Amino acid sequence: MQQALDILAVSTRGAGLYEITDDVAGWVRGTGFQLGLLTVFCRHTSAGLLITENASPAVWRDLQRWMSHVAPEGDHYEHSDEGPDDMPAHLKSVLTGNSVTVPVSDGRIMLGTWQGLFLAEFRRAPHRRSVVMHLAGQ
Amino acid sequence: MQQALDILAVSTRGAGLYEITDDVAGWVRGTGFQLGLLTVFCRHTSAGLLITENASPAVWRDLQRWMSHVAPEGDHYEHSDEGPDDMPAHLKSVLTGNSVTVPVSDGRIMLGTWQGLFLAEFRRAPHRRSVVMHLAGQ
Amino acid sequence: MQQALDILAVSTRGAGLYEITDDVAGWVRGTGFQLGLLTVFCRHTSAGLLITENASPAVWRDLQRWMSHVAPEGDHYEHSDEGPDDMPAHLKSVLTGNSVTVPVSDGRIMLGTWQGLFLAEFRRAPHRRSVVMHLAGQ
(Lines give C-alpha, C1' and ligand atoms only; values in the text may rest on other atoms or scores of the structure.)
Protein backbone atom coordinates (compact mmCIF):
# COMPACT_ATOMS: atom_id res chain seq x y z
CA MET A 1 0.00 0.00 0.00
CA GLN A 2 0.99 3.56 -0.69
CA GLN A 3 -0.38 7.00 0.11
CA ALA A 4 -1.35 10.20 -1.62
CA LEU A 5 -2.26 13.49 0.04
CA ASP A 6 -3.38 16.84 -1.28
CA ILE A 7 -5.29 19.96 -0.28
CA LEU A 8 -8.46 21.07 -2.02
CA ALA A 9 -9.25 24.77 -1.53
CA VAL A 10 -12.96 25.56 -1.65
CA SER A 11 -14.05 29.18 -1.99
CA THR A 12 -17.46 29.70 -0.44
CA ARG A 13 -19.85 32.57 -1.16
CA GLY A 14 -22.05 32.39 1.91
CA ALA A 15 -23.75 29.61 3.82
CA GLY A 16 -24.69 26.64 1.67
CA LEU A 17 -23.71 23.24 0.33
CA TYR A 18 -20.85 23.13 -2.18
CA GLU A 19 -20.56 19.84 -4.02
CA ILE A 20 -16.98 18.58 -4.29
CA THR A 21 -17.66 15.06 -5.58
CA ASP A 22 -16.10 15.71 -8.99
CA ASP A 23 -13.02 17.46 -7.58
CA VAL A 24 -12.35 14.61 -5.20
CA ALA A 25 -13.14 11.86 -7.74
CA GLY A 26 -10.83 13.52 -10.26
CA TRP A 27 -8.02 13.67 -7.73
CA VAL A 28 -8.51 9.98 -6.85
CA ARG A 29 -8.39 9.09 -10.56
CA GLY A 30 -5.19 11.10 -10.93
CA THR A 31 -3.43 9.05 -8.25
CA GLY A 32 -3.92 5.92 -10.34
CA PHE A 33 -4.83 3.92 -7.23
CA GLN A 34 -7.32 1.16 -7.98
CA LEU A 35 -8.18 -0.04 -4.47
CA GLY A 36 -8.00 2.05 -1.35
CA LEU A 37 -9.51 4.15 1.39
CA LEU A 38 -10.30 7.81 0.78
CA THR A 39 -10.50 10.25 3.68
CA VAL A 40 -11.61 13.84 3.17
CA PHE A 41 -11.05 16.16 6.12
CA CYS A 42 -12.22 19.76 6.66
CA ARG A 43 -9.79 21.87 8.69
CA HIS A 44 -12.38 24.26 10.15
CA THR A 45 -14.79 24.40 13.08
CA SER A 46 -17.51 26.43 11.33
CA ALA A 47 -17.84 24.30 8.20
CA GLY A 48 -18.36 20.58 7.73
CA LEU A 49 -18.43 17.70 5.28
CA LEU A 50 -21.41 15.53 4.53
CA ILE A 51 -22.87 13.09 2.03
CA THR A 52 -26.42 13.55 0.82
CA GLU A 53 -28.68 13.31 -2.24
CA ASN A 54 -26.82 14.62 -5.29
CA ALA A 55 -29.73 15.43 -7.61
CA SER A 56 -32.23 17.60 -5.78
CA PRO A 57 -31.59 21.23 -4.80
CA ALA A 58 -34.82 21.00 -2.77
CA VAL A 59 -33.16 18.39 -0.55
CA TRP A 60 -30.19 20.72 -0.04
CA ARG A 61 -32.47 23.59 0.95
CA ASP A 62 -34.52 21.43 3.32
CA LEU A 63 -31.31 20.11 4.86
CA GLN A 64 -29.97 23.61 5.49
CA ARG A 65 -33.28 24.82 6.91
CA TRP A 66 -33.33 21.80 9.21
CA MET A 67 -29.81 22.44 10.48
CA SER A 68 -30.73 26.08 11.14
CA HIS A 69 -33.79 24.91 13.04
CA VAL A 70 -31.82 22.43 15.15
CA ALA A 71 -28.98 24.92 15.78
CA PRO A 72 -30.68 28.32 15.52
CA GLU A 73 -29.23 31.77 15.84
CA GLY A 74 -30.32 33.64 18.96
CA ASP A 75 -29.20 35.60 21.98
CA HIS A 76 -28.94 32.53 24.20
CA TYR A 77 -25.30 31.76 23.39
CA GLU A 78 -22.45 32.75 25.69
CA HIS A 79 -20.03 32.84 22.73
CA SER A 80 -21.40 35.62 20.51
CA ASP A 81 -18.57 38.06 19.84
CA GLU A 82 -17.89 36.71 16.34
CA GLY A 83 -21.44 37.33 15.12
CA PRO A 84 -24.83 35.63 15.39
CA ASP A 85 -23.94 32.91 12.85
CA ASP A 86 -20.72 31.84 14.58
CA MET A 87 -21.88 29.64 17.45
CA PRO A 88 -24.60 27.96 15.32
CA ALA A 89 -21.81 27.24 12.80
CA HIS A 90 -19.76 25.47 15.47
CA LEU A 91 -22.80 23.41 16.45
CA LYS A 92 -23.59 22.43 12.87
CA SER A 93 -19.97 21.44 12.39
CA VAL A 94 -20.26 18.98 15.29
CA LEU A 95 -23.59 17.77 13.86
CA THR A 96 -22.12 16.93 10.45
CA GLY A 97 -18.58 16.11 11.52
CA ASN A 98 -15.33 17.13 9.87
CA SER A 99 -14.48 14.11 7.77
CA VAL A 100 -15.89 11.65 5.30
CA THR A 101 -14.36 8.23 4.62
CA VAL A 102 -15.21 6.21 1.52
CA PRO A 103 -13.63 3.05 0.09
CA VAL A 104 -12.24 3.17 -3.46
CA SER A 105 -12.56 0.27 -5.90
CA ASP A 106 -11.66 0.03 -9.60
CA GLY A 107 -10.21 3.52 -9.25
CA ARG A 108 -13.55 5.01 -8.26
CA ILE A 109 -15.00 6.35 -5.01
CA MET A 110 -17.66 3.87 -3.96
CA LEU A 111 -20.42 6.43 -3.44
CA GLY A 112 -23.91 5.15 -4.15
CA THR A 113 -25.80 6.28 -7.23
CA TRP A 114 -27.56 9.09 -5.38
CA GLN A 115 -24.75 10.13 -3.05
CA GLY A 116 -22.82 13.36 -3.45
CA LEU A 117 -20.02 14.74 -1.28
CA PHE A 118 -20.48 18.30 -0.04
CA LEU A 119 -18.59 20.93 1.86
CA ALA A 120 -21.15 22.62 4.09
CA GLU A 121 -20.36 26.27 4.74
CA PHE A 122 -22.07 27.50 7.89
CA ARG A 123 -20.88 31.13 7.95
CA ARG A 124 -22.47 33.92 5.95
CA ALA A 125 -19.25 35.65 4.92
CA PRO A 126 -17.21 34.19 2.04
CA HIS A 127 -14.40 31.89 3.19
CA ARG A 128 -11.59 29.93 1.64
CA ARG A 129 -11.89 26.44 3.13
CA SER A 130 -9.03 23.98 3.28
CA VAL A 131 -10.01 20.36 2.68
CA VAL A 132 -7.42 17.58 2.99
CA MET A 133 -7.71 14.55 0.69
CA HIS A 134 -5.86 11.42 1.80
CA LEU A 135 -5.80 8.14 -0.07
CA ALA A 136 -4.21 4.94 1.16
CA GLY A 137 -4.18 2.06 -1.27
CA GLN A 138 -2.53 0.74 -4.37
CA MET B 1 -0.16 -3.69 4.71
CA GLN B 2 -2.78 -5.20 2.48
CA GLN B 3 -6.45 -4.63 1.78
CA ALA B 4 -9.70 -6.54 1.66
CA LEU B 5 -13.03 -5.25 0.39
CA ASP B 6 -16.49 -6.74 0.19
CA ILE B 7 -20.15 -5.79 0.04
CA LEU B 8 -22.65 -6.72 2.72
CA ALA B 9 -26.27 -6.66 1.52
CA VAL B 10 -28.76 -5.88 4.26
CA SER B 11 -32.45 -6.50 3.62
CA THR B 12 -34.58 -4.19 5.71
CA ARG B 13 -38.24 -4.65 6.60
CA GLY B 14 -39.18 -1.12 7.52
CA ALA B 15 -37.60 1.62 9.60
CA GLY B 16 -35.44 0.33 12.42
CA LEU B 17 -32.00 -0.66 13.60
CA TYR B 18 -30.47 -3.80 12.09
CA GLU B 19 -27.45 -5.09 13.95
CA ILE B 20 -24.61 -6.12 11.64
CA THR B 21 -21.85 -6.58 14.23
CA ASP B 22 -21.61 -10.35 13.75
CA ASP B 23 -21.66 -10.15 9.94
CA VAL B 24 -18.87 -7.61 9.91
CA ALA B 25 -16.84 -9.32 12.64
CA GLY B 26 -17.13 -12.63 10.78
CA TRP B 27 -15.91 -11.03 7.58
CA VAL B 28 -12.94 -9.47 9.40
CA ARG B 29 -12.09 -12.86 10.90
CA GLY B 30 -12.26 -14.43 7.45
CA THR B 31 -9.64 -12.05 6.06
CA GLY B 32 -7.12 -13.36 8.58
CA PHE B 33 -5.87 -9.82 9.23
CA GLN B 34 -4.64 -9.39 12.80
CA LEU B 35 -4.05 -5.64 12.94
CA GLY B 36 -5.83 -3.08 10.82
CA LEU B 37 -8.42 -0.43 10.24
CA LEU B 38 -11.99 -1.38 9.41
CA THR B 39 -14.26 1.01 7.53
CA VAL B 40 -17.92 0.24 6.96
CA PHE B 41 -19.71 2.49 4.49
CA CYS B 42 -23.43 2.74 3.64
CA ARG B 43 -24.10 3.64 0.01
CA HIS B 44 -27.46 5.34 0.59
CA THR B 45 -28.80 8.76 1.57
CA SER B 46 -31.87 7.52 3.45
CA ALA B 47 -30.13 5.01 5.72
CA GLY B 48 -27.13 5.32 8.00
CA LEU B 49 -24.63 3.49 10.17
CA LEU B 50 -24.18 3.96 13.88
CA ILE B 51 -22.75 2.41 16.99
CA THR B 52 -24.85 2.16 20.13
CA GLU B 53 -25.70 -0.06 23.09
CA ASN B 54 -25.93 -3.68 21.95
CA ALA B 55 -28.02 -5.20 24.73
CA SER B 56 -31.16 -3.15 25.23
CA PRO B 57 -34.04 -3.00 22.71
CA ALA B 58 -35.43 -0.14 24.83
CA VAL B 59 -32.35 1.93 23.94
CA TRP B 60 -32.94 1.21 20.25
CA ARG B 61 -36.58 2.28 20.50
CA ASP B 62 -35.70 5.46 22.42
CA LEU B 63 -33.01 6.25 19.87
CA GLN B 64 -35.41 5.89 16.96
CA ARG B 65 -38.11 7.95 18.68
CA TRP B 66 -35.52 10.64 19.36
CA MET B 67 -34.38 10.77 15.75
CA SER B 68 -38.00 11.04 14.63
CA HIS B 69 -38.50 13.87 17.09
CA VAL B 70 -35.40 15.76 15.91
CA ALA B 71 -36.17 15.16 12.21
CA PRO B 72 -39.97 14.80 12.14
CA GLU B 73 -42.29 14.13 9.26
CA GLY B 74 -44.49 17.08 8.31
CA ASP B 75 -45.72 19.32 5.53
CA HIS B 76 -42.91 21.86 6.00
CA TYR B 77 -40.47 20.20 3.58
CA GLU B 78 -39.95 21.41 0.03
CA HIS B 79 -38.83 17.94 -1.05
CA SER B 80 -41.90 15.76 -0.47
CA ASP B 81 -42.65 13.94 -3.72
CA GLU B 82 -41.09 10.66 -2.55
CA GLY B 83 -43.34 10.40 0.49
CA PRO B 84 -43.51 11.85 3.99
CA ASP B 85 -40.69 9.67 5.32
CA ASP B 86 -38.19 10.59 2.59
CA MET B 87 -36.87 13.99 3.64
CA PRO B 88 -36.70 13.00 7.35
CA ALA B 89 -34.70 9.97 6.18
CA HIS B 90 -32.17 12.22 4.43
CA LEU B 91 -31.86 14.33 7.59
CA LYS B 92 -31.36 11.31 9.85
CA SER B 93 -28.72 10.03 7.44
CA VAL B 94 -26.76 13.26 7.89
CA LEU B 95 -27.29 13.03 11.65
CA THR B 96 -25.82 9.52 11.90
CA GLY B 97 -23.37 9.69 9.01
CA ASN B 98 -22.67 7.07 6.38
CA SER B 99 -19.60 5.34 7.74
CA VAL B 100 -18.11 3.80 10.84
CA THR B 101 -14.39 3.30 11.35
CA VAL B 102 -13.00 0.93 13.97
CA PRO B 103 -9.45 -0.34 14.58
CA VAL B 104 -8.84 -4.09 14.52
CA SER B 105 -6.43 -5.84 16.90
CA ASP B 106 -5.76 -9.56 17.43
CA GLY B 107 -8.09 -10.19 14.53
CA ARG B 108 -11.04 -8.58 16.31
CA ILE B 109 -12.95 -5.33 15.83
CA MET B 110 -12.10 -3.19 18.84
CA LEU B 111 -15.67 -2.35 19.79
CA GLY B 112 -16.23 -1.85 23.50
CA THR B 113 -18.13 -4.44 25.53
CA TRP B 114 -21.45 -2.66 25.10
CA GLN B 115 -21.01 -1.40 21.56
CA GLY B 116 -22.89 -2.84 18.59
CA LEU B 117 -22.75 -1.79 14.95
CA PHE B 118 -26.09 -1.09 13.31
CA LEU B 119 -27.49 -0.24 9.94
CA ALA B 120 -30.24 2.30 10.56
CA GLU B 121 -33.05 2.09 8.02
CA PHE B 122 -34.99 5.33 7.86
CA ARG B 123 -37.58 4.47 5.16
CA ARG B 124 -40.79 2.55 5.86
CA ALA B 125 -40.71 0.41 2.73
CA PRO B 126 -38.41 -2.64 2.64
CA HIS B 127 -35.03 -1.94 1.01
CA ARG B 128 -31.96 -3.87 0.08
CA ARG B 129 -29.07 -1.81 1.43
CA SER B 130 -25.52 -2.04 0.15
CA VAL B 131 -22.82 -1.74 2.81
CA VAL B 132 -19.14 -1.70 1.84
CA MET B 133 -16.62 -3.29 4.21
CA HIS B 134 -12.99 -2.25 3.76
CA LEU B 135 -10.09 -3.50 5.82
CA ALA B 136 -6.52 -2.24 5.56
CA GLY B 137 -3.96 -4.07 7.62
CA GLN B 138 -1.99 -7.24 7.85
CA MET C 1 2.94 1.41 4.99
CA GLN C 2 3.01 0.29 8.58
CA GLN C 3 0.74 0.55 11.58
CA ALA C 4 0.82 1.65 15.19
CA LEU C 5 -1.91 1.15 17.77
CA ASP C 6 -2.29 2.16 21.39
CA ILE C 7 -4.90 2.88 24.05
CA LEU C 8 -5.32 6.26 25.69
CA ALA C 9 -7.13 6.11 29.03
CA VAL C 10 -9.05 9.27 29.87
CA SER C 11 -10.31 9.78 33.41
CA THR C 12 -13.39 11.97 33.43
CA ARG C 13 -14.76 13.89 36.41
CA GLY C 14 -18.32 14.45 35.26
CA ALA C 15 -19.97 15.52 32.03
CA GLY C 16 -17.83 17.82 29.93
CA LEU C 17 -15.28 18.15 27.15
CA TYR C 18 -11.79 16.82 27.81
CA GLU C 19 -9.21 17.95 25.30
CA ILE C 20 -6.89 15.15 24.16
CA THR C 21 -5.18 16.91 21.25
CA ASP C 22 -1.77 17.00 22.95
CA ASP C 23 -1.93 13.39 24.11
CA VAL C 24 -2.79 12.16 20.63
CA ALA C 25 -0.33 14.47 18.86
CA GLY C 26 2.43 13.33 21.21
CA TRP C 27 1.67 9.69 20.50
CA VAL C 28 1.72 10.33 16.73
CA ARG C 29 5.09 12.07 17.10
CA GLY C 30 6.40 9.11 19.07
CA THR C 31 5.62 6.69 16.25
CA GLY C 32 7.97 8.59 13.96
CA PHE C 33 5.49 8.29 11.09
CA GLN C 34 5.67 11.27 8.75
CA LEU C 35 2.68 10.62 6.48
CA GLY C 36 -0.41 8.69 7.46
CA LEU C 37 -3.98 8.40 8.58
CA LEU C 38 -4.88 8.76 12.24
CA THR C 39 -8.05 7.22 13.64
CA VAL C 40 -9.15 7.82 17.21
CA PHE C 41 -11.97 5.60 18.45
CA CYS C 42 -13.98 5.77 21.68
CA ARG C 43 -15.05 2.38 23.02
CA HIS C 44 -18.20 3.58 24.82
CA THR C 45 -21.84 4.32 24.05
CA SER C 46 -22.27 7.15 26.55
CA ALA C 47 -19.24 9.23 25.54
CA GLY C 48 -18.08 10.51 22.17
CA LEU C 49 -15.28 12.17 20.24
CA LEU C 50 -15.52 15.49 18.46
CA ILE C 51 -13.49 18.29 16.97
CA THR C 52 -14.34 21.88 17.84
CA GLU C 53 -12.84 25.28 18.59
CA ASN C 54 -9.79 24.87 20.81
CA ALA C 55 -9.49 28.32 22.35
CA SER C 56 -12.82 29.32 23.86
CA PRO C 57 -14.32 27.70 26.96
CA ALA C 58 -17.50 29.63 26.13
CA VAL C 59 -17.82 27.59 22.92
CA TRP C 60 -17.45 24.38 24.92
CA ARG C 61 -20.15 25.45 27.36
CA ASP C 62 -22.52 26.51 24.56
CA LEU C 63 -21.89 23.21 22.79
CA GLN C 64 -22.71 21.19 25.89
CA ARG C 65 -25.84 23.23 26.62
CA TRP C 66 -26.94 22.71 23.02
CA MET C 67 -26.46 18.95 23.18
CA SER C 68 -28.44 18.85 26.43
CA HIS C 69 -31.18 20.85 24.74
CA VAL C 70 -31.30 18.56 21.70
CA ALA C 71 -31.12 15.37 23.82
CA PRO C 72 -32.66 16.43 27.14
CA GLU C 73 -33.18 14.46 30.29
CA GLY C 74 -36.82 13.70 31.06
CA ASP C 75 -39.32 11.01 31.93
CA HIS C 76 -40.19 10.26 28.31
CA TYR C 77 -37.52 7.58 27.81
CA GLU C 78 -38.31 3.87 27.98
CA HIS C 79 -34.71 3.09 29.00
CA SER C 80 -34.30 4.85 32.35
CA ASP C 81 -33.04 2.28 34.86
CA GLU C 82 -29.43 3.50 34.70
CA GLY C 83 -30.33 7.05 35.71
CA PRO C 84 -31.73 10.17 34.05
CA ASP C 85 -28.47 11.02 32.28
CA ASP C 86 -28.02 7.59 30.67
CA MET C 87 -30.36 7.65 27.68
CA PRO C 88 -29.45 11.27 26.79
CA ALA C 89 -25.81 10.12 26.90
CA HIS C 90 -26.52 7.39 24.34
CA LEU C 91 -28.26 9.93 22.11
CA LYS C 92 -25.39 12.43 22.34
CA SER C 93 -22.96 9.64 21.52
CA VAL C 94 -24.84 8.98 18.27
CA LEU C 95 -24.93 12.73 17.60
CA THR C 96 -21.16 13.14 17.91
CA GLY C 97 -20.09 9.71 16.73
CA ASN C 98 -17.43 7.46 18.20
CA SER C 99 -14.44 8.17 16.01
CA VAL C 100 -12.39 10.96 14.49
CA THR C 101 -10.16 10.48 11.46
CA VAL C 102 -7.43 12.98 10.56
CA PRO C 103 -4.60 12.78 8.00
CA VAL C 104 -1.02 13.18 9.24
CA SER C 105 1.64 15.05 7.28
CA ASP C 106 5.22 15.99 8.25
CA GLY C 107 4.66 13.98 11.40
CA ARG C 108 1.81 16.20 12.54
CA ILE C 109 -1.96 15.76 12.78
CA MET C 110 -3.43 18.02 10.12
CA LEU C 111 -5.91 19.77 12.40
CA GLY C 112 -6.67 23.35 11.44
CA THR C 113 -5.35 26.23 13.54
CA TRP C 114 -8.52 26.45 15.63
CA GLN C 115 -9.37 22.76 15.82
CA GLY C 116 -8.99 20.73 18.99
CA LEU C 117 -9.81 17.06 19.57
CA PHE C 118 -12.03 16.30 22.55
CA LEU C 119 -13.42 13.36 24.40
CA ALA C 120 -16.99 14.29 25.31
CA GLU C 121 -18.15 12.71 28.56
CA PHE C 122 -21.94 12.56 28.73
CA ARG C 123 -22.39 10.87 32.12
CA ARG C 124 -22.28 12.71 35.46
CA ALA C 125 -20.35 10.08 37.36
CA PRO C 126 -16.58 9.86 36.89
CA HIS C 127 -15.52 7.28 34.31
CA ARG C 128 -12.32 5.85 32.93
CA ARG C 129 -12.74 6.00 29.14
CA SER C 130 -10.78 3.84 26.74
CA VAL C 131 -9.76 5.56 23.52
CA VAL C 132 -7.99 3.61 20.75
CA MET C 133 -5.41 5.43 18.63
CA HIS C 134 -4.55 3.82 15.29
CA LEU C 135 -2.05 5.18 12.79
CA ALA C 136 -1.44 3.74 9.34
CA GLY C 137 1.39 5.29 7.39
CA GLN C 138 5.13 5.49 7.12
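We call the chains A, B and C, going by the order they appear; numbering starts again at 1 in every chain.
In this section, contacts are C-beta pairs under 8 Å (C-beta built on N, C-alpha and C of every residue); 3 or more make two chains touch, one makes a residue touch a chain.
Here the structure is a predicted model, which is why all the values come from computation and not from measurement.
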Review point. Can you name the chains that touch chain B as well as chain C?
Key: A
Check your understanding: Over half of the interface residue numbers used by both chain A and chain C, so same, or under half, so different?
Key -> different
Point to revise | Separation of mean Cα positions, chain C and chain A [Å, integer] | key: 20
Check your understanding: Hey, what residues on chain B touch two or more of the other chains?
Key -> 1, 37, 70, 95, 97, 101, 136
Revision key, fill the gap. Chain C contacts chain B in the complex at 1-3, 5, 37, 39, 41, 43-45, 70-71, 77-79, 87, 90-91, 93-95, 97-99, 101, 130, 132, 134, 136
**Study point:** chain A partner contacts - residues on chain C that touch it in the complex
**Key:** 1, 35-37, 50-53, 56, 58-59, 61-63, 66, 70, 95-97, 100-103, 105, 110-115, 136-138
